[in-house]
Amino acid sequence: MSEQKVIMGNHALSYGAVTSRVQVVAAYPITPQTQVVELLSEMCADGTLDAEFIKVESEHSAMAASIGASAAGARAFTATSSQGLALMHEMLHWAVGARLPIVMGNINRSMAPPWTIWSEQTDSLSQRDTGWLQIYASSNQEVYDSVLIAYKVAENKKVSLPVMIVLDAFFLSHTSENVNLIDQKDADRYLKPYNPEFKLDIKNPHTFGGLTTADWYMELRYKIQKAMEDSIDVIKEAHKEFKDLFGREYGLVETYKCEDADTILVAIATAASTAKEVIDELRKEGKKVGLLRIRFFRPFPFDDVKKNLKNSKKVIVLDRNLSPGNGGIVYQEVKSALYNEPVKPKVYGYIAGLGGRDITVDTIKKLFEDAQKSEPAEVKWMEVKI
Amino acid sequence: MIKKIGKKIIFEKADDLPPNAMSLGTTEFNETGSWRNERPVVDKDKCIACGICWKFCPDMSIKEDAQGKAEIDYVFCKGCGICAAECPVKAIKMIEEEK
Amino acid sequence: MLEIRVHGRGGQGGVIASKILAYAFAMEGKYVQAFPEFGVERRGAPVTAFIRVSEGKINIRSKIYEPQHLIVLEPTLLGAIDITEGLKDGGFIVINTKKRPDELNLKVKNSKIATVDATGIALKYRLGSSASPIVNTAILGGFAKATGFVKIESIVEAIKKEVPIKPEENAQAAIEAYNSTLM
Amino acid sequence: MKYSIPEKELINPGHLACQGCGGALAMRIVLKTLGENTILTIPACCWSVIDGPFPYSAVKVPLFHTAFETAAITAAGIKAGTKKVEKEYIHSVAWAGDGGTFDIGLQALSGAAERNDDIFYFVYDNEAYMNTGIQRSSATPKGAWTTTTPTTFPKLESKKDLDAIVAAHNVPYQATVSVSYPEDFTKKLEKAVKKRGFKFFHILAPCPPGWKTNPEDTIKLGRMAVESGIFPLYEIENGENYTINMPSPKKELKPVNEYLLKQGRFRHLKEKDIELIQEIINKRWEKLKRLAGV
Amino acid sequence: MSEQKVIMGNHALSYGAVTSRVQVVAAYPITPQTQVVELLSEMCADGTLDAEFIKVESEHSAMAASIGASAAGARAFTATSSQGLALMHEMLHWAVGARLPIVMGNINRSMAPPWTIWSEQTDSLSQRDTGWLQIYASSNQEVYDSVLIAYKVAENKKVSLPVMIVLDAFFLSHTSENVNLIDQKDADRYLKPYNPEFKLDIKNPHTFGGLTTADWYMELRYKIQKAMEDSIDVIKEAHKEFKDLFGREYGLVETYKCEDADTILVAIATAASTAKEVIDELRKEGKKVGLLRIRFFRPFPFDDVKKNLKNSKKVIVLDRNLSPGNGGIVYQEVKSALYNEPVKPKVYGYIAGLGGRDITVDTIKKLFEDAQKSEPAEVKWMEVKI
Amino acid sequence: MKYSIPEKELINPGHLACQGCGGALAMRIVLKTLGENTILTIPACCWSVIDGPFPYSAVKVPLFHTAFETAAITAAGIKAGTKKVEKEYIHSVAWAGDGGTFDIGLQALSGAAERNDDIFYFVYDNEAYMNTGIQRSSATPKGAWTTTTPTTFPKLESKKDLDAIVAAHNVPYQATVSVSYPEDFTKKLEKAVKKRGFKFFHILAPCPPGWKTNPEDTIKLGRMAVESGIFPLYEIENGENYTINMPSPKKELKPVNEYLLKQGRFRHLKEKDIELIQEIINKRWEKLKRLAGV
Amino acid sequence: MLEIRVHGRGGQGGVIASKILAYAFAMEGKYVQAFPEFGVERRGAPVTAFIRVSEGKINIRSKIYEPQHLIVLEPTLLGAIDITEGLKDGGFIVINTKKRPDELNLKVKNSKIATVDATGIALKYRLGSSASPIVNTAILGGFAKATGFVKIESIVEAIKKEVPIKPEENAQAAIEAYNSTLM
Amino acid sequence: MIKKIGKKIIFEKADDLPPNAMSLGTTEFNETGSWRNERPVVDKDKCIACGICWKFCPDMSIKEDAQGKAEIDYVFCKGCGICAAECPVKAIKMIEEEK
């Protein structure tokens, strides 16, 4: 019923798109994303995937083409990374305002200059204000599964928003792992063909996106925020149905030994995976530590974050990103989320692993050590050579 | 609740809106006749029904009357004067609007 | 957990070798990770790849700094770079060379060295061109033989699934390497 | 009344074009001819205002407003989408201003032309960024005033030869057309409708506020542009086969000065400036005739 | 010694650039910014300003040209708005990574689709993670003065980062007000010619921005964050010197009747100006209310925010922006800044004025009223029709 | 030793180009000839790796790494900057790959050409996105394999005619050159150095891994490309005056099949595919001769 | 605080009129704001502009919904739109028309109406073309006269500083309007 | 503190770095001779000092010896074989590197 392969994260994305029966793919190559595009163009060429592949001349156009295709009622997919994502920026806002359920893979890579191709989440996290749902994956299986889940959520009429699936450069994108592929028939039961309420339809012509004055623009934005809020339940349902059909369980967040923990590490993406090793080790030493992995960074999972952190004494946030002039982005948002709670843990933030610097078991141990003996500060650096 | 008053669409609240800024009516709500400071007047006697004024009007404001002659739709005509300028027999005159 | 490092040159297929090997392990029910050195590959320049193999799920997702085992696709690298950097004691080193293990002058303490003439075998099965024979499948036969960690049957099956060009010949090459590995 | 072009209107009055807008008329002609199986995509330009504010629209076909630089590729995306979800053949139409075509949208246009995406691309060329208040574009003619090329320093560079650029892509069909010649325009559209692949139309669309002309002169100006050869009407098939439609290659061109001096944007020009412009026109006309083999 | 004019905010920017003797201007028109460009191109044409004006074909190129000019050692200026700013996004990151002291005006306009040209700060606030310093102005005089201050700060060797001067569409950009222009000679005493430590110099050739591995990328980012932190003092100095020379006083934040206030409104840009009327009215009613206007949003003025808010009981944050799936951006960052304080006011966040909806005296009064009688929530809307 | 091109090197060994890289050799020739008053700007492409990792660099002139789509405009910005701050005349040089030129950088290139910005633009054309692992660009020739145009569905479209596109901008000087003809290359550079305004060089730069060729054949392939007329060497001045340098317009072209079959990326081609390609080459060659008036 | 609204048509210069008037006030030591209706201006379509004048700094930066005073550049607007929307009682309405105030049939309660033939004056001084004369300077003379809020000298000086084309003639037109305004 | 070891530049900490990623040394730190699997060997007797190999070497790895003849810089030569292929008198041979 399901086939196991050993595939890199990039191919997990491609297979996810195939299993989701995407109809239009428009993408542009960039290290470390290229294999996504290469595999899809092969599969379009040999007929494995019945989709139109538009070999665009830039990422900006990749997103614009996806937007056009989606507006016409087709299921659209693309993938990119860092500079490409940044180049799309205007169109990221566009996809949201147009309420189009595009799914995109983004391979996290640090921003130039200087040139770099290595992992860091500033590229996608600095898109946090565009209105895309964001999923940060921590295994290739999750990458693959998330593509189906993403379409399921995005295309729900209550949501109608695009979703970005984010994976760490190299640590996932280029790392081959065991991945169970879902049989197409089962997948089709989970994910129905895209059938939007409104689209560019010659039989029912409408104009989309016309000049909107102060009279109603704000209400349209309100609807976007509302859709984000409603998406929480839609995501939960999509996860539940996924588990029922395929057995694998996901949440807006993932918790690991949090229940009785007095110190909880908050992290996203692969660092959160490596952190489990640390939690296990520290638990063996008798320390009450736990892990909260934020899987959906947008919509920000306020309830899950509050619920899981409020009984702890210390929260340690690991940021593989930097918002210069403020600090770590996850740190900022976690503090903001907890602010109005009656009792609040101390929250420590650390910046680590920028530009592909490895986040090892050791790195994470040091966070726990430092938080044990110090006070929180706006910006703390871990393993920077100063 | 969405109301229609003439060609105008009146929303009351966010829920009335489509999910995105989708059109639900036509620009005919906008009676651009108010833009005019000169108005074209057809001399039906002169008009030879050649359709040239119709062909060149950017505002779809020339209609055919019962005799097949040109008739101005003053609700929308902006008073650009193209019809008058292009009429081969000078059957259209531009006259100042009432001040 | 097994941690293995593969050495080759840009264009030689070291990364693919790591994937095939991981796949072979996976077919035996193992959890695996295979990944290249995270860098810019240049034709001719030395490249490396890595494999992790474990009985249980692998959560750790950082790089491998201290592998136990090595696979060397390109004998000329032995003089050019230090292939033993970070190497743990007591593992296996499988090298593509015509020489016998004792003819090599490797500065390693307790590693077991195996050699196999993957180039010769690749040429025989016309894998790649004669100027640049593709040795990445043959050497895996050598690895299976030398270490015993994985069955040659699994290697053969992984090759057949993963190699699009001349899968049969590649599989034969691996078997022949398996049978001619020296320790 | 005689109808020398299709009678049916696919656009409503009440739209927000200025009095005497050439761009509005151009759309009227195009939609009439392409008919209802058409999906429009329009980037930022006057037409994104002309079409009317939410929740209204001037056109009777689906229209997708897109970002300034994306007309061609959005249309290509729409085309790809309709191929997968629509049974009927759809004309996916990109409709953009000169700024959105010669400048900020050029790359997307070139990409679509290179891939030979099966779309229509229309540029209604009013020779400046009008929607933002008359700034220079690379389609602005040499010598013209705009708010970014003041009369003390009018535009130095010649108008970018976009038709030659498109021709270098060897697209199945391309043509220059004018709102002053609706029958020629319609005929070309009907020809293009039968082609598959990338079809490109360059429309000269006079703009009274931008050109500082009287609204009633819009049609006249279009005619003068053609007759003076500053905007000749011609077709190119596959980037190779040129056909000149107007003015007649056998006759002399009318001098350009009358056309120029009817427009406030050229009124600062000295006689020798006009002579230079005339020379450039003559040279380009000769070149065009050579390409057309006449 | 100084001339008074009645000029629109856009021309205040242009005059600011002229008084700053910018050397290269590269800009692209967009409503509501066009007058900035038009005036500058006129002044370049008639020689008032001795600068190269590059009439680029897009905003992306406007920023790239500014980057090139700045890297060559020239003082570069540009201006844009909304879609244009978004289109520059990749290059915004670039200017920061390359450490170039470009100054840019951004006229706040809401993001499409739907098309809109009206005021909202999502465009610039969604660039908060790019590493630009951001100044939000609330009068045309401030716009003008801020151009000089911006170059002074940006070009300081301790900073070497670009600065964005942000003004509300129409409410400033198109509103003509009394503005005192600084005499050029005096200005020259304040702002010296740009003389960078390193530039593209044939006599001292270096390569800038070459591929940087995990070895040192992180340290280069650390330096950017450090520069942001150091910029706080540099800004204070620049403000002091400005006051000494020209008499007008600015801060990282502006406070209005905060000292004894138990309820403080936090706002940026013109809404903060209108708010003063409300503060005055409410004070007359005997209410202890105050205003904290954040002038520099980047670097985030942690100390000033904490110092001024910590003694209040309630803080009301007014956001003319939306980060869908989270909420108001200023709200989020203020909460985050206050999180680790020992005693914390209640912080209320409101979203108002999107898409050009006017923020009137009434609107602001309603915020005070609502905060009086309700509890904070992640997202509250003011004057949205629901 | 005889030095038929300038002797001085402005580039260091140890750079990160693959064995036998045509693009590396191209830079070597250009810097030799332009000399030290040169500032380079390079967008994403193989050269952003070739130049070496921080804190090292292969070139002995200032170099600014810029974003992929911005080569021309960054160079124009640098030029504007140096005009204000440098006493000496500086060659501001944009150096980009074909992807950065034909595709993602085309718009900036067209803008700079239209404004006639006083810069050099070099495209080293290896006919695909090599730095990211050999994906199709619009410079990829018809029929070629790349990782996004698999042999089951090799590239359908012809190579975009960038030279014609640039020529449509009427720039002062443009030329096609090849690493296999360094003396011709140098001569053209020396000619261009004297011109002010936009100067464009299109370099064919064979790439062993991307073309699936042996590193030692790089020069040979460049020669075969010229001799077969698939990449003729010519100059255009002001978009009008064409001069063909090589192969001789009087002689017959060598058949292209040998050139194609020496490359792995074409090895899947059937005979009739090759015939079709040959036809296209012949047609383009005739057109070029017509333009050059020979 | 004075709050004034100006009505005209796209292309007529109503926005510039508001700026000149504000400038004139500023020269008399006032704090001012002048701004257009925040919309898309179309040639021919009705447009509006606003002015605020105050003795002290103006902090309020929202729009004007209830002006006290009106300036109407284009008489044909009187029939086309409701110019008195939101108008406060007791202010001045200055209209460009040949008619006398009592000939106009305006539905206003307590506003004082003044008229001036700005078009005639503009034509006389050849401001703009005969088809579209530019009346925005002349009418300001009428405003100065009718309201007495600002000196005609300030208007004249503001015109000279702000109007690039024919500043002298424009100033003369304002003076003539000042002298011929009817109330 | 910035150290230089041979052609290598060693930083110790962030403070040692320039403000942005600015080059401070040349690629000569990178001895690309290690990339070679074949080495070019010049037969000096055959070499006619025509300079063609020099002209075409992408790696600046051909120098002039005392006699003006070609000499390979094995520190950097990547072994591409262009020199051997282009030498008009076949004075350069590619031989396998030691395995």
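Here the chain labels run A, B, C, D, E, F, G and H in written order, and each chain numbers its own residues starting at 1.
The rule we apply is simple: a contact is a pair of C-beta atoms (placed from the backbone, for glycine too) under 8 Å apart; a residue touches a chain by one contact, two chains touch by 3 or more.
In this text the structure is predicted, and so the values were computed from the model without any measurement.
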Maximum centroid distance from subunit D, chain identifier (CA atoms): C
Pair of chains with maximal C-beta contact number: A-E
Reference subunit F; chain at largest CA-centroid distance: G
Whole-Å gap separating subunit B and subunit D, where each centre is the average of the chain's CA atoms: 24
Length of the line joining the C-alpha centres of subunit C and subunit F, rounded to whole Å: 39
Residues of subunit F touching at least two other chains: 16-19, 48-49, 51-52, 54-57, 60, 63, 65, 67, 69, 103-104, 106-107, 110-111, 114-115, 138, 208, 214-215
For subunit C, residues contacting two or more additional chains: 40, 42, 44-45
Residue numbers of subunit E (touch at least two other chains): 55, 57-58, 83, 87, 90, 94, 97-98, 112-115, 117-118, 206-213, 216, 219-220, 222, 227, 356, 358, 384-386
Residue ranges of subunit G in contact with subunit D within the complex: 10-11, 40, 42-45, 131
Residue numbers on subunit E that touch subunit H, as the complex places them: 97-99, 160, 197-198, 206-210, 212, 216, 219-220, 222-223, 226-227
Subunit C-facing residues of subunit H, complex: 32, 34-37, 78-80, 97-99
In the complex with subunit B, residue positions of subunit E that touch it: 113-114, 384-386
Contact set on subunit B toward subunit D in their complex: 7, 9, 11, 17-18, 21-32, 35, 49-51, 54-61, 64, 68-70, 73, 75-76, 78-82, 84-86, 94
